[in-house]
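Here the chain labels run A, B, C and D in written order, and each chain numbers its own residues starting at 1.
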Amino acid sequence: MNDAGAQRNAEPATLAEPAPACNELAVEEISREQLLSDFRAVRAATERLAAGLTAEDQNIQSMAGASPVKWHRAHTTWFFETFVLKPYDPAWREIDPTWAYLFNSYYNGVGEQYPRPQRGLISRPDVEEVGRYRSVVDQAIMELIERAPGKRWIELAAIVRLGLNHEQQHQELIATDLKHGFSFNPLHPAWTDLPPAARQPAAELRWIGYEERIAEIGAVDDGRYCFDNELPRHREVVEAFEIASRPVTCGEFIAFIEDGGYRNVDLWLSDGWAWMQETGTRAPLYWQQGDDGRWWQYTLGGLRPVDEQETLAHVSFYEAFAYAQWAGGRLPTEAEWEIAAESANGNGPFAEDERFHPAAVTGTPTGSPAAMFGNVWEWTASSYAPYPGFEAPPGAVGEYNGKFMANQMVLRGGSCATPRGHIRATYRNFFYPPDRWQFSGIRLARRA
Amino acid sequence: MNDAGAQRNAEPATLAEPAPACNELAVEEISREQLLSDFRAVRAATERLAAGLTAEDQNIQSMAGASPVKWHRAHTTWFFETFVLKPYDPAWREIDPTWAYLFNSYYNGVGEQYPRPQRGLISRPDVEEVGRYRSVVDQAIMELIERAPGKRWIELAAIVRLGLNHEQQHQELIATDLKHGFSFNPLHPAWTDLPPAARQPAAELRWIGYEERIAEIGAVDDGRYCFDNELPRHREVVEAFEIASRPVTCGEFIAFIEDGGYRNVDLWLSDGWAWMQETGTRAPLYWQQGDDGRWWQYTLGGLRPVDEQETLAHVSFYEAFAYAQWAGGRLPTEAEWEIAAESANGNGPFAEDERFHPAAVTGTPTGSPAAMFGNVWEWTASSYAPYPGFEAPPGAVGEYNGKFMANQMVLRGGSCATPRGHIRATYRNFFYPPDRWQFSGIRLARRA
Amino acid sequence: MNDAGAQRNAEPATLAEPAPACNELAVEEISREQLLSDFRAVRAATERLAAGLTAEDQNIQSMAGASPVKWHRAHTTWFFETFVLKPYDPAWREIDPTWAYLFNSYYNGVGEQYPRPQRGLISRPDVEEVGRYRSVVDQAIMELIERAPGKRWIELAAIVRLGLNHEQQHQELIATDLKHGFSFNPLHPAWTDLPPAARQPAAELRWIGYEERIAEIGAVDDGRYCFDNELPRHREVVEAFEIASRPVTCGEFIAFIEDGGYRNVDLWLSDGWAWMQETGTRAPLYWQQGDDGRWWQYTLGGLRPVDEQETLAHVSFYEAFAYAQWAGGRLPTEAEWEIAAESANGNGPFAEDERFHPAAVTGTPTGSPAAMFGNVWEWTASSYAPYPGFEAPPGAVGEYNGKFMANQMVLRGGSCATPRGHIRATYRNFFYPPDRWQFSGIRLARRA
Amino acid sequence: MNDAGAQRNAEPATLAEPAPACNELAVEEISREQLLSDFRAVRAATERLAAGLTAEDQNIQSMAGASPVKWHRAHTTWFFETFVLKPYDPAWREIDPTWAYLFNSYYNGVGEQYPRPQRGLISRPDVEEVGRYRSVVDQAIMELIERAPGKRWIELAAIVRLGLNHEQQHQELIATDLKHGFSFNPLHPAWTDLPPAARQPAAELRWIGYEERIAEIGAVDDGRYCFDNELPRHREVVEAFEIASRPVTCGEFIAFIEDGGYRNVDLWLSDGWAWMQETGTRAPLYWQQGDDGRWWQYTLGGLRPVDEQETLAHVSFYEAFAYAQWAGGRLPTEAEWEIAAESANGNGPFAEDERFHPAAVTGTPTGSPAAMFGNVWEWTASSYAPYPGFEAPPGAVGEYNGKFMANQMVLRGGSCATPRGHIRATYRNFFYPPDRWQFSGIRLARRA
């Protein structure tokens, strides 16, 4: 996913931070109260993420593909200003045309964009100004929601709801971009109070089988929220397969390393091997090995030992592929994953848990796959491509997903940094094969 | 396709250069005479390609992805030495272990490889030595074919046949790599006697429709030759679609250019736009515009004006995608292409025509798509991925295809540089989205 | 100059910020009061530079060669901690070993260094912590100055004085690095209240002649402060020459541009022409041309029109060389410049003027060259090399200058960002030929 | 030296290949017979270098800074065509305008140049055509020498003589560029019959002292041949110094390696250390260490053990500097070297010895420095800069030297690949600090 991009399944949110409840409604059914409530909740969740960070923390950018927290806060606000206030609020006066240039991510339809690798140089506007920008736009949006004339209400509700889902995608990026930036600091800053590893053993891995079928894949177009790339629902031939009851653990991946997984060319895709040689990669991102051979990892709770029972994260598609080869399996396709997700259980953690680190999947396996939602995104074997009959919406909003449909692979299921109500079975996230700074893990599949 | 990699449909060869007739047989049915005849024909065809070239011509390498002609001649010979003579001929003495290092392309299972970007530095062994290497190996292989004991015959016939199909892939690369190398020479060397453009008008473009179906895709595993990546034959849901009666012409692409196609960001994939900006691409490879606005192109017959009626070649996947967007269509999927190819007509030109340049597709359209085989490879919308249930063969030969299944797109149908008997409907070629030095063109598709 | 590196002439400081008066004394003559007073003044001057900047402003890093303001504040403090407190104050407890790693610039003798291009990622320690670090170290240094036992006083005074001169170098870099960072912000942040251009005409350019001589070049080793690279004083044959009465103006450089100076290969060094083509340079750094052809420039007072009368700055050595060729002159050698500087008049502005932008050199030329000190650094024709008999001091402090004596060119005279008391006639600054972010200008010379 | 560039001292040539005898004459004194004889000898020497090479050998280019042998043969011919035939022979018809583009190295005054890194792609014109080009131009030049009208004779003789010296520079590059190209071939091609190492011990190193003086440096402008960069002769203050009686041996450099010279940052210039880290350099170019710790090196006679007694070659300026630091000395300045060269003895080997590999300097040291001419070029501490009063000649020939006077260091004395009559005490060669593919070695100096 470039810049942002992700979505979620509709489990009832039980935590303090309710998901956008209006995701579960057709646009026509959304009430002003519901939208207002969702809007307040999502916008507040973003600010809560930023609350513990200094101005400097909010401004660092550690690679072109990551953005400063301040920029995320401003960009999501710019989205509402550009796609809601400008077209729907006649009284709205643009805050500053230069800001539109600074905080546009990639929407060519609404103007030029400030070069992405330079976002960390934008010391001004500063965090206070961005905070005020958020307040002013929030106020205007909330008044608009309350007072918008009926004839434009449906359009308005649809675009506000899109804006909220967009903002939730950036909430996840705030966590992952911040982690990437902090990882360059030898002081190992802690952002969360990550509890010590419980050291419960991970559940035994079992294989869960599915019969051959012609499956319906993709979201039902019934008015409930989904992104354009989940549509249209369509049929696919899916042969019988089995999927692992839980994702790969850190301990399992250590076994791969110790068995020479990074030295065995037969396990790797040709491009993956080249990537590994060029980058010198020999372990997941954020891992380092002590002189005594023990593995440590940087987490958003600081530096800590790798817990073998915990779910593995921060591997590239190439590493996921090689691991699967080594383990005698393969990665699931999108369709297989989506079929299996229908019976998922034991999900989480999610962003609302404020853990921002994968958990161990423990307990006794049931007949259903565990932890498909939350915890870690799961690389699939599917490249990110349009579903048959896909058409991007007209206008700048049509740039949301379609133009990224090349060279990327699909991930499914959300992570410990995904808001709970944002994810769903049909949700398609996407990143380039070498990308590792998301909480990206592995679930195995195999022929039945 | 990395280094090599491609396959073909089994139309009867009518030209001087007969295709590997044993491709049409199950391995058990191949006679020694037939294999010998095929072996002589394919090996001779390679030498005929090199015949008009000086030693210097045969040694140039213009990019890491292209190889010198001499290297192709040696590498294909090394393939027979390594995979046939070493295991099957007890009397064989390796010519030179350093040659095995120099002429191994990417088979990790049989040793290290000389760095690919440096192949043009290998002035020694020189063309005469490589010629002798070919003769010596040819002699040994032919004797082996004649005398191999019956119990190993099947195995031997299978690997020799693979070697011949492999060599044909390199015949195509000899033409395309040479064209790339020559294109840097301001003297515009001519390799073939390309006849002047006939200037017959291209056939009118019509749309040919296909009903929705559950299609059988991939090669039938009946012993006739195919590459591993064409297997297994499997079912896919294919919705109703239409495909163009012929590929895009140069004149149509000039209309795209003149309509600002290279300046309109809305037409492009995000990665494609970035590629275009970085490389400064504003026209197909080998095209240049004169001061009077006329387009010229370097061909293997020298520099000549772009003929608007001729079939377009040398575009990247990104350009193909953007053109399709502009034209209101899209690229076909692999499955759609394969369905349509069953009724293809009017094919060619092929390598045996010794034209090495696309032709115009002329005449009155029939109800079937024309020129699907030969002329230009056609970019599909499908990324190169394993078919459901695909398994790479064991051993070094298993490195042939599977490890390249990431980041590349499938092309179908062969080109004017493909030997006629090498291509077939199920043949999957693959290149990276920016690659343009193959004879790669565009055929449009659209929803029914 | 890498990271820092520069020195100054001893004119009496008349402004609020007195120069290190102890520079004018032999170390043995420095009193505790004098050193204490100098220490307070220099350290306070650094803090005054940072005072108007937000935490975010202080943390940006726009290229590997520039550092964040916060880093400069911490690094100069680390210098005192490392080279004064650790060896001379037995009660000192290192603040944090990680800080020693973060804030060491390039002194291999005292440990590893944090990678320079990542300094902008160091959000922690934050500006408040760095401020406290400065206070704590200041307190300890001041107590040490007051109480150091007599037998170590000379050594201590020498290293503290070096630390103050080092810090003044970083004061200049604070201004130039900040300007570079701010220049990427399309809001054009203003840091100073730069008065509007006075538009007084620049003084007429006259040539001032010097007889052939065997000159004494370099600093007299009499105990007054100088850097190691100014020693030893030695003899050089200098043939008769003439030097311009003032540096080149913006208007003169516009004439060069308009005469095709950037298109005329004959004016350029071969490396300079290649640099220009690669970087697309067609004007001094920070200049941009409006649609109406007028030139604008980013200054630390914001964006403003280029004033033709003002002294030119922000050109590379290559541009200085080409301009000199075009103007029929050449750049002066170090020795020529040093001879001419003995009679310099009308100097400034300096850092204490808080203008941080070059001024016009106005008025009637006298028989002496004007504005050799302050205003802009002047590129010389001399590469940065050791003087005959140069020896770097032992220990880590010996890494100060000598190891940079390759590939760089000498600049002389200081700039509008140089503290007044820091510069002197023998002071040698040095940068790579393409460097432009210092206030680097041009003074012409020619054969007599 | 870019592309070419070098000059020589006038020792009487005693070998088969006489040096350009007219170098020793004022232009006015050159007879037609003498020039004709020199012309024939120098042109034939180039062809003799190419004689043992295949067409493929002559076409390889292993880096942008090296050129194919065929290109050198054509370029030196183009030089005569462009600067002699075109202006002086009214009957001359340009062979092919595209050739002028292909074989112009860097003379902007006479047109565009084909991109340097692509010279290895120029398979056409082939070696036979280039051979004919040489013959045709030779014939025309020789006729011109015989028949040129007296009034233009002086000009003609001067430019022909320049062309011969230019060609000798390219003879050296033929050897060094070929060695570089061959070094990538794992077959280790042998070009010469290098005799086995004699294993005579290298002479003991002694220090030879010189008094302080005001020296006359540079060539006397008396009509004898020199390059423009050797002029004007001028005075320099040179303090007392000592210089080593012979250059550094391979054995001495092995001691540096074994003492950790490549790991000790204190020995290195800052840029040198960075270069070493980036390139992974840990030994001279062409050296490799066997598993048993023994050193081997690729030579133009094939792969052979490093002979500890032989003179070291193929080090960069950075390595030369570090070695000198380690050995307690320094590199000599240009002026020091030139003073010492006046009493040099025991010179060689030169190109005419057809050894193309450094020799050991053996025997008992005399009071004079040995082997200053031939054997290996010696890095000096002097950057390549114009002498005081230097002026480049007008016109395209003025591009010969001046525009390279930045970022390079001077080497002195010639090497085993330099024609004997080409070198002289005032000759200035120049390369970038990291360059190693010339036969570049080290002679130490130190303070008296």
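As a working rule, a residue touches a chain if its C-beta (ideal position, glycine included) is under 8 Å from a C-beta of that chain, and two chains touch if they have at least 3 such contacts.
Worth saying up front: this structure is predicted, and the values here are computed from it rather than measured.
Averaging Cα atoms per chain gives one point for each, and the point farthest from that of chain B is the centre of C. With centres taken as mean Cα positions, chain C sits 47 Å from chain A. Distance between chain centres (mean CA atoms), chain A to chain D: 60 Å. For the pair chain A and chain B, the distance between mean C-alpha positions equals 39 Å. Within chain B, not a single residue touches two or more of the remaining chains. Because contacts link each chain to exactly two others and close back on themselves, their graph is best described as a ring. Chain contact summary for the complex, chain C toward chain D: residues 2, 106, 108-109, 214, 234-237, 239, 265-266, 268-272, 317-318, 321, 381-383, 385-386, 388-389, 403-407, 433, 447.
Chain A meets chain C in the complex at residues 54-60, 62, 70, 98, 101-102, 114, 118, 120-127, 181-182, 184-187, 189.
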